[in-house]
Amino acid sequence: MNEYIRPDKFREECGVFGILSNNSHDVASLSYYALYALQHRGQESCGIAVNNEGDIDHHKAMGLVPEVFSEKILDELQGKAAIGHVRYSTTGASLLANAQPLVVKYKDGKMALAHNGNLVNASEIREKLEENGAIFQSTIDSEVMAYLISRYRGHNNSIEEAITEMMKEVKGSYALVILTPKKLLGIRDPLGIRPLCIGMLDDSYVLASESCALDAIGANFIRDVEPGEIVAVSEDGLVSIKTNLSKESKLCIFEHIYFARPDSFIDGASVYRARFEAGRLLAMENPVNADLVIGVPDSGITAALGYSEQSGIPYAQGFIKNRYVGRTFIQPDQGKREMSVRIKLNAMKNAVEGKRVIMVDDSIVRGTTSKRIVQLLRDAGATEVHLKISSPPVKWPCYFGIDTPSRQHLTAACHSVDEIREMIGADTLSYLSIDGLISTPIGSKSRFCKACFDGNYPMHVPAEGNKFSCDGLQKKC
Amino acid sequence: MNEYIRPDKFREECGVFGILSNNSHDVASLSYYALYALQHRGQESCGIAVNNEGDIDHHKAMGLVPEVFSEKILDELQGKAAIGHVRYSTTGASLLANAQPLVVKYKDGKMALAHNGNLVNASEIREKLEENGAIFQSTIDSEVMAYLISRYRGHNNSIEEAITEMMKEVKGSYALVILTPKKLLGIRDPLGIRPLCIGMLDDSYVLASESCALDAIGANFIRDVEPGEIVAVSEDGLVSIKTNLSKESKLCIFEHIYFARPDSFIDGASVYRARFEAGRLLAMENPVNADLVIGVPDSGITAALGYSEQSGIPYAQGFIKNRYVGRTFIQPDQGKREMSVRIKLNAMKNAVEGKRVIMVDDSIVRGTTSKRIVQLLRDAGATEVHLKISSPPVKWPCYFGIDTPSRQHLTAACHSVDEIREMIGADTLSYLSIDGLISTPIGSKSRFCKACFDGNYPMHVPAEGNKFSCDGLQKKC
Amino acid sequence: MNEYIRPDKFREECGVFGILSNNSHDVASLSYYALYALQHRGQESCGIAVNNEGDIDHHKAMGLVPEVFSEKILDELQGKAAIGHVRYSTTGASLLANAQPLVVKYKDGKMALAHNGNLVNASEIREKLEENGAIFQSTIDSEVMAYLISRYRGHNNSIEEAITEMMKEVKGSYALVILTPKKLLGIRDPLGIRPLCIGMLDDSYVLASESCALDAIGANFIRDVEPGEIVAVSEDGLVSIKTNLSKESKLCIFEHIYFARPDSFIDGASVYRARFEAGRLLAMENPVNADLVIGVPDSGITAALGYSEQSGIPYAQGFIKNRYVGRTFIQPDQGKREMSVRIKLNAMKNAVEGKRVIMVDDSIVRGTTSKRIVQLLRDAGATEVHLKISSPPVKWPCYFGIDTPSRQHLTAACHSVDEIREMIGADTLSYLSIDGLISTPIGSKSRFCKACFDGNYPMHVPAEGNKFSCDGLQKKC
Amino acid sequence: MNEYIRPDKFREECGVFGILSNNSHDVASLSYYALYALQHRGQESCGIAVNNEGDIDHHKAMGLVPEVFSEKILDELQGKAAIGHVRYSTTGASLLANAQPLVVKYKDGKMALAHNGNLVNASEIREKLEENGAIFQSTIDSEVMAYLISRYRGHNNSIEEAITEMMKEVKGSYALVILTPKKLLGIRDPLGIRPLCIGMLDDSYVLASESCALDAIGANFIRDVEPGEIVAVSEDGLVSIKTNLSKESKLCIFEHIYFARPDSFIDGASVYRARFEAGRLLAMENPVNADLVIGVPDSGITAALGYSEQSGIPYAQGFIKNRYVGRTFIQPDQGKREMSVRIKLNAMKNAVEGKRVIMVDDSIVRGTTSKRIVQLLRDAGATEVHLKISSPPVKWPCYFGIDTPSRQHLTAACHSVDEIREMIGADTLSYLSIDGLISTPIGSKSRFCKACFDGNYPMHVPAEGNKFSCDGLQKKC
C-alpha cells in the first residue's frame, strides 16, 4: 500500500469509483467509503459527483477523503448514481482547479468525468481544440476528453459512440468513469494500462480502480473492465461495448509492485500473491546467508515474507512505523534532517541487534531514503545489511500516469548496481530480474508495460526520456 | 452602502477591480484593499488573479475579502498586473465553481475575466456554442464571454477586436475587466448599465467599479469608462476604443439609491449628493408635520439628512445598529423571529419617545423588515411614524445584475401605496416620484435605467416579468 | 459604540450577562444574543456557562460571539440558568486561560463567575492566598474572587454572606455575575464604577452590563443594581442584599463618553442624551465659525448632532466607514502605513469640499489617528478643520477596568492643548470642560469617577501614575 | 501499538515528556517530535509548556500532535526546558479544561505538570483541600498534585521535599514530569505502575514515558526512573532522590501486552520481545493444527510471529489495514454497521482462502470487534478460525490510568472461555495463562500489576469492582 508521505517512491496519481443504484442506496456515502479504500492512490484532492434526477451536483476540495467530506456535505449530495475520484497530481499543478470529478454542461446536458491515467497527446489535442475556439480552465486530461466527447456527440451520435470517437483520438492511459443524467460509464484504454473493475452491491453496479474498494462497501467482484472496453450502466443494466481499438493488454506492472493494495485483485491476479512470489523469486535468484529477513513497511512486508519462506531464513518485524503522520506534520529543519526517517520509522533493536539482516523493499527510486533506513539498522546493531529489491532497477520515466522524477534522479539510470549499493551503504544489493518479475502475477490475463525498467514504451512517448545523457551524473546520491 | 445581512433589500451582485503597474507596486495587496472597499457590492465569494510574467495565477474562495486572503496567499500572488472580483450571485448558484475571476487558457494564451452585470441572452449563446461542441463548467456569464472572445480571436484579430465582436453578440449589462499576459482591459456595456471608472496610482492605471476603491488605495480618479468603450492598458499606457455600439447611457439608478457607497462618484455625480437630494425632494413632494427625522441605517441616513434640511425638522439618530454580524451569525429560530430585527437594530428610545417621527428609508422590497422597524419605533414610544421612501415603488424585477425577488414578492407590484402602508403599520407612507428621483444625481452624464419602477426595460428581456398576474396575491406581507 | 479595531481609543474590557429562567427559555441562546448586543464591550474572547440541573457546563474561546458559538455548541449548553461574558483583556495577557466565565468546583459545589472591572489589590490578595497554598491558573480577578468566596463559604455562611466578606476584602471595580447550582447572583462594587442592570423577560430575571442587551432579547428594564448591592435570583424570585459598604456612587464617566452603546441607559441616564448634551455644551463653551459639523464614526456622531443643534451649523455625514473589518484583516505594511486610516474611513468629498468643517470626536488618547483623519478632510478639500472633543483632556491612566496606555502615551498628560492641536494639524482644537461633562448624563443617580481627567482616584491606586514625569516627552506624536 | 480508533481495546491515557537543555536545543520542537512518537498513548489532546527564562508559557488543545502545533506556535514557545503531554481521558471528561500540561502560579513561582496515571484517593484529597478553601478548575489529578506541592512548599521546604510530601499523601499511579523556573523533575509512583525513563541528547537530559520517544529525537537511553524515585534535572545535572516509599515494583503488565510501542524498552525488558515470547508461550500452552498463523494488526502481529516460530506453522499477512483514519472520519450509520470493521480492515482473501487459520490477538475486551474480524476471515474463505489471545481473560477494571469499561462490559468477567468462543464464532479460543504472561518480559526488573486478570489490586481501590454481580449478564455479546 502506498504511504501518505513517502517522497522516495513512485506516486500513483488517481483512483476512481462509480455506482448506479436501482434501489435506495445512499450513493454519496458509499462513494465516500469506496474512495477511502482507494485513498492510497491519491492523497492530494478528492471529490464526488452525484446525479440528482438529471442534474449533477458535486463537491471536491484539496485534502484526504475524511477531511474533505462531512456528514452535512454527503447529505446534500443526493442522487441515485455517483462517481468519485482521489488524486495525486501528475499533469497539472496541485490546484483546486484540477481536482476531479470534472463537471461540465454541454449540448446534451450535464456530464461528470473522473480519470486515472495520463494522455501523451493531450497538448496536441488541446491546441487543435483551441484553434476552434475552445477555452480550458484546468490542466487535467479530463477536460480534453470532455471536449472531445462533446464534439463527437450529436443528434446522430450516442454517448457511447462519442466516447468511442474520443478513444480513437487520445493516446495514453485512462481508466475513466463518466456520469451522465441517465448512465454511468466505465472506460479503459486499449492497452488497459490502468486497472478498472466491475462489482455488484445488491442490484447496483459498481466500478472501481481496485477490488479493495468493492470489499470495503460489501460489493461482490464481477470482472475487470477489458482493455478498450466501454461499459454503460443504466437502469436497464450493464451493456458492454468492445471497441476494436485493443490489440493487446499492457497493464502497468508497478500496480503489482507498489501501487495497488495487496488485498486487491487486478486482471485476474492477486496483488498479495504477486508480491509474495516476487519475494520468493528474489530469494531464488539472489540467495545470501543471513539470520533474519525483514521488510520495509508497508510495501516491502509481503515480499519479505515470500523471501523468508523460500530461503528458510526467519522473518522478523524489523521496524515500527508511526501511523499518525498527517498533512500538517512539520518536517524537521535542515539541522535535524537525519531525524526525518527516524520520526516515521524506528528499527526494532531487540530483533536486529547482532544479526545479519536481509532487508526487503519493493523498489528504489532516488535511494536517499534507503540509505537512511540501512543506517537505522546499523545503528540498532545489525552486523550486516543485505538489501533485496523485489523489482528490477528503475531506469526510465513513466508517461502513463505515474509521478516519476526525471531520469537524472532515477539512481539506476546512470549507476551500476554496485555503485548504488555503495551509495546506500548496504553490504550487498540485489534486484529481481525483469523476467522474474513479470512471472509473479500468477494467473494474470495481462501482459505488462514494464517500460520503466527496459524503456520499451507501448506507444510513442515524448522524447525527453530517450535523449537523456548520464554525463556528469555519476556522483553519489 | 449595502449591508452584510439585509434580506429585505435588493442585492448588488459584483464589484470588479484591475491594476497594471509599471513600477514595483504590490498588485495583489492593492487589489486586496480595493476589493475590501468594494465589499458592499458582494459578500459571497471573492478572488484575485495576477499576471506573473505571462502566466496567470489566481486564488478565489467563498467568503469575505479578509476571510479569503491571508498574507501568505497574497505573497504568492506575484506579478505586475492583477484583476479582482467580489461577488454576490445572481445567475449561477452559490458555488465555488462560479467564483471569479475566471481564468482560462485559449489559443492565444491565458486570460482572466471578472464581470459585474448580467447577460440576458446568455442561455441562447451557450446553446449556440454548445452546438459547436463547447463545454461549460460554471453558470457565470464570464465563461460565455471568454468563449466568444476565444472564438473571435485569431491570427487576424487582436484581443480588442475579439472583445468588440463579443460585445456585438451579447446583450445585457457588463462592467468587465480582463487580464491578459500583456494587457489589462476594461469594458462597459453599450448602455453603461453598470459603473466602471479609471484611476491612477503613481504611473499605474487602475480600474474599479466605484471610485471609493480608488480612494482606499490612494489612487486619483481620472474618468469613468464610457458606455460601449474598451480601455486597454499596457506598459505603453492606456488606449481607448470607442465601439459604435452605444446609442445612449442608461446607468442603473439603483446604484445611486442603494448599491454604491455614498463616497463614490458615478458618471459625474456624487452618490452622497444624489441621496441627499432625494431626501430633499422627498420633503418637497411629501411634506408632513413631525418632530424628528430619522434614517434607517445605513442607507437611509443620507436621505434623512436631506429631508431634515429641506423640511427644517430636526434630524436625530433613531437607531443603533450592531456592527458585528458575520457569516456564521445564528439567526433566531421560529419562536423568536420577532428578535431578528431587534438584535441588529435598536431604536433610540430617548430620542424618539413621545415624538412624531419621520423615518426615511431608501426602498421597500418585500416590506417585512420595514414593518418590524416601524414596530421598534412604536415600542420605543414614538407617537406617530411617517415612512418616507427616497425612491419610487419597486414593481418590476431587474434583469441586469441585481438580485430581485420575483414579482409576486415585490410588495408594490400588486399593492397600492395605502395597502402597503397598512401592512407596514405606518401612519403615512410616501415614495419619491420617478421624475424626482432621476433628477437627483446632479451633474450626471447618464440617463438612467429605471425599469424596476416603470417596466420600461432598455432592451428586450425574458417575458416572465410581463406575463405576471397579481391575482390572489393581495394578502398582507 | 466601541469599534472592532480602533487602536487609538480607550478599550472597555468586559461585558457580563445572566439569566435564570422559571419557564422553558433557552438560556444559552438568549445569552448568545445578549452577549452579541454587548460585543462592543469586548471582542477578544467570550463564553457562556449554564447550570444544567446542578452541574455547570461551559464553552469559551478566543473570538467574537458569532465566531465562538455554533448552533451545535448552543444546543449542548442546556439548562435553566446561564451567565455569559465578552472580554477585552486588561489585566491578564490575551490567553484562552483568561477567558471567562471562570468555572470552579469548591466545597459547596460548582460556581461560575464573570467579571467586568479591575481589582487594585488583586496581587496583594493573591500573595496572601498563595501563602496558604493556593495555586492560580490564570491572571484574571475572577479567580481571586472565587478563592475568597470559597474561603468564606462554610457551614455557617451562605453564598451571599461569603460574597459580602469577599467584597470587604477586594478593592477596585466589579460588576460581577455568579452562577451557582441554585442561584444567579449579581454584584456591583461599593462605588458602582462599572454598570449592571436588572431586567425581566416574562417571569425570568436577567442581569446585564447595559440595558441594550435587555432590548436585544426583548426583556424589560427593571432597575440598575445599586453600588454595593448583591441581588440573588432563585426560583423563588429576586432578593436584594444591600451591604453597608457603599458610601457614594462613582460611575465611570467614560461609560457615557465612549464605552456604552448610545441606546443604553445607565443609572437613570440615557447614554445618547449624555452624548448629545456633551455636543451641545461643547458648542456653548467653544463656539467657532464654520459651514458644517461632522462626527467621527461611530462614537462622535451623537455629540456632533448636539453641537449642530446648539450652534445652528448644519450637520453632515463627513465620513463613510467600512463595516467589514474582521480579525484576520491584513494591516498595510510600513510602506503603506498612510493607508491604514483610509481603508477604514473615507471622507465624503462632496460634503466637505471647500467647506470650513467642525469635526467632533469623543476623546483623544494618543492623537495619531486624529491626525490622519484631519488629513483625510484636508485631502478631500476642507478649507478649515476645527476639532472639537466632547470630553476633557485625558491625563491619567485608569485602574478600574479600562485599557489605557501608560501616561507617557496619553498625549494630554504632557502637552498643552495648543501643542496637541499643532501635532494633529487642526486649525483649532477644543475640549469640553470637566464641569460641563459631568452635567451631561441628565437625571443620573450617580456622581462620577473622572480620575482620568483630574487624577482624583476614588481609592488608593498603584503609584505609577503619580510619580510619572513628563521630562523628555514633549516631542510630537 | 495503540490504534487511532479502536473502541474494543483498553485505552492508555497519557504520555509524558520533558527536556532541559544546556546548549541551544530547540526544546519545543524536540518535544513535538517526542510527543509524536508517544501519540499512541493518547490522541485526544496534547500540550507543551516551556520555561522561558523563568516564565512558563504553554500551548495545549484538543487534537493530535500534528493538528495542535504549527511551526508558528512552536516558534513562539521559546525556552531552554520543556515538558509535554498527550492525553486520552480517564478521569475527567473530554474537555479542553482537562488538557495538560497544567500551568499554575503558586507562592514559589510558576510550575507546569504533566501526568500519566490515576490517583485512587483524588476525591478524598480534593474534599480535604476544598474544606480549606481550595477551588478546582478541572477534574485532572495534576491539579490535586499541584495543590499539595504548593501546600508543602515553604521557606523550609525545597520543591523536592514538597514533592516527597505530596507522594506520601496521594495513592495511585503516576509518572509525572514537572517544570519549574529552574528545574525539570521526573517522578514515578512507589509501585512504578506507569513507565518513565531517562535519556540524554548531547548534554541535555530527557524524560519520556517510553524509550521510543528517545529514539525519535536521537537521544540515548540512560535508565528507567525507579519506583518511588524523584529525579531533578537542573543546569548542574541530574540529582536522584530515592524516597523510602517504594516497597516493590508493580509495572502495569498491559504496557507490555498492548499499550507501549514494541520498539520501546520498559524496566529492562523489550516490549517486542515480551510480545514475541507471549506468542511462543501461547503456542506451547495451546497447540492446534492449522495451515497459517496471522495477527490482528497492529498489536497482534508480534505475538503471531512468535506463535509461528514456536509452532512451525507459517506466518502470513491475514489483513490489510487502512491507514488514513482521522478524527473526522464518518462512521457508518446503523444500517451499515457491518461495514464498520470492513472499511478499516480487509482480509487477504488470497492468503486465507481454503486455509485453517490461527488468528492471534493481544486481548479481548468486549469481544464485538473480534466477532466481526472472525467473520471477515470466514467470508474470505478460511475453513477454520482458531483465536489465540496472547494474554489472560480480562475480568477486572483498572483503577490506575487505563480506560476500562465497567465490569459488565468485560466479556470474560461473567462468561466462560467457551461461552466467549461461541459468541465470537471461532472454532477454538485460547488465552495465555497468567503465569505464562508474567514470564514474558524477559529481564524485566519489575514484578507486575496484573489485577485486571486476577483482581489482586496492589492497593485499596474503590469497591465497585468487587461488589459486582454477574446475574443477568450471561447474554451474548
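Letters are used for the chains, namely A, B, C and D, taken in the order the chains are written, and counting of residues starts over at 1 for each.
The definition used in the following text is that a residue touches a chain if its C-beta (ideal position, glycine included) is under 8 Å from a C-beta of that chain, and two chains touch if they have at least 3 such contacts.
All figures in this text were calculated on a predicted structure; none of them were measured in a lab.
Engineer: Enumerate, in label order, the chains that touch chain A and chain D alike.
Structural biologist: none
Engineer: Taking each chain's centre as the mean of its CA atoms, which one is most distant from chain C?
Structural biologist: Checked the centroid distances; the maximum from chain C is A.
Engineer: Distance-wise, how many Å sit between the C-alpha centres of chain C and chain D, to the nearest whole number?
Structural biologist: One centre to the other, that is 49 Å.
Engineer: Indicate the whole-number Å distance between the mean C-alpha point of chain B and the mean C-alpha point of chain C.
Structural biologist: From the centre of chain B to the centre of chain C is 36 Å.
Engineer: Report the inter-chain centroid distance for chain B and chain D in whole angstrom, where each centroid is the mean of the CA atoms.
Structural biologist: Averaging C-alpha atoms per chain gives centres 60 Å apart.
Engineer: Which residues does chain A have that touch at least 2 chains other than itself?
Structural biologist: Not one residue in chain A touches at least two other chains.
Engineer: Chain pairs that touch, all of them, please.
Structural biologist: Taking the chains two at a time, the touching pairs are A-B, A-D, B-C, C-D.
Engineer: Mind pulling up the chain B residues that touch chain A in the complex?
Structural biologist: Residues of chain B touching chain A: 96-97, 102-107, 126-127, 130-137, 143, 146-147, 150-151.
Engineer: Note which residues of chain B are touching chain C in the complex, please.
Structural biologist: 1, 3-4, 29, 32-33, 36-37, 39-40, 43, 64-67, 69-71, 74, 212, 215-218, 261-263, 265, 270, 272-273, 298, 301-302, 305, 309, 314-317, 320, 322-326, 328-330, 332, 336, 338-339, 342-343, 346-351
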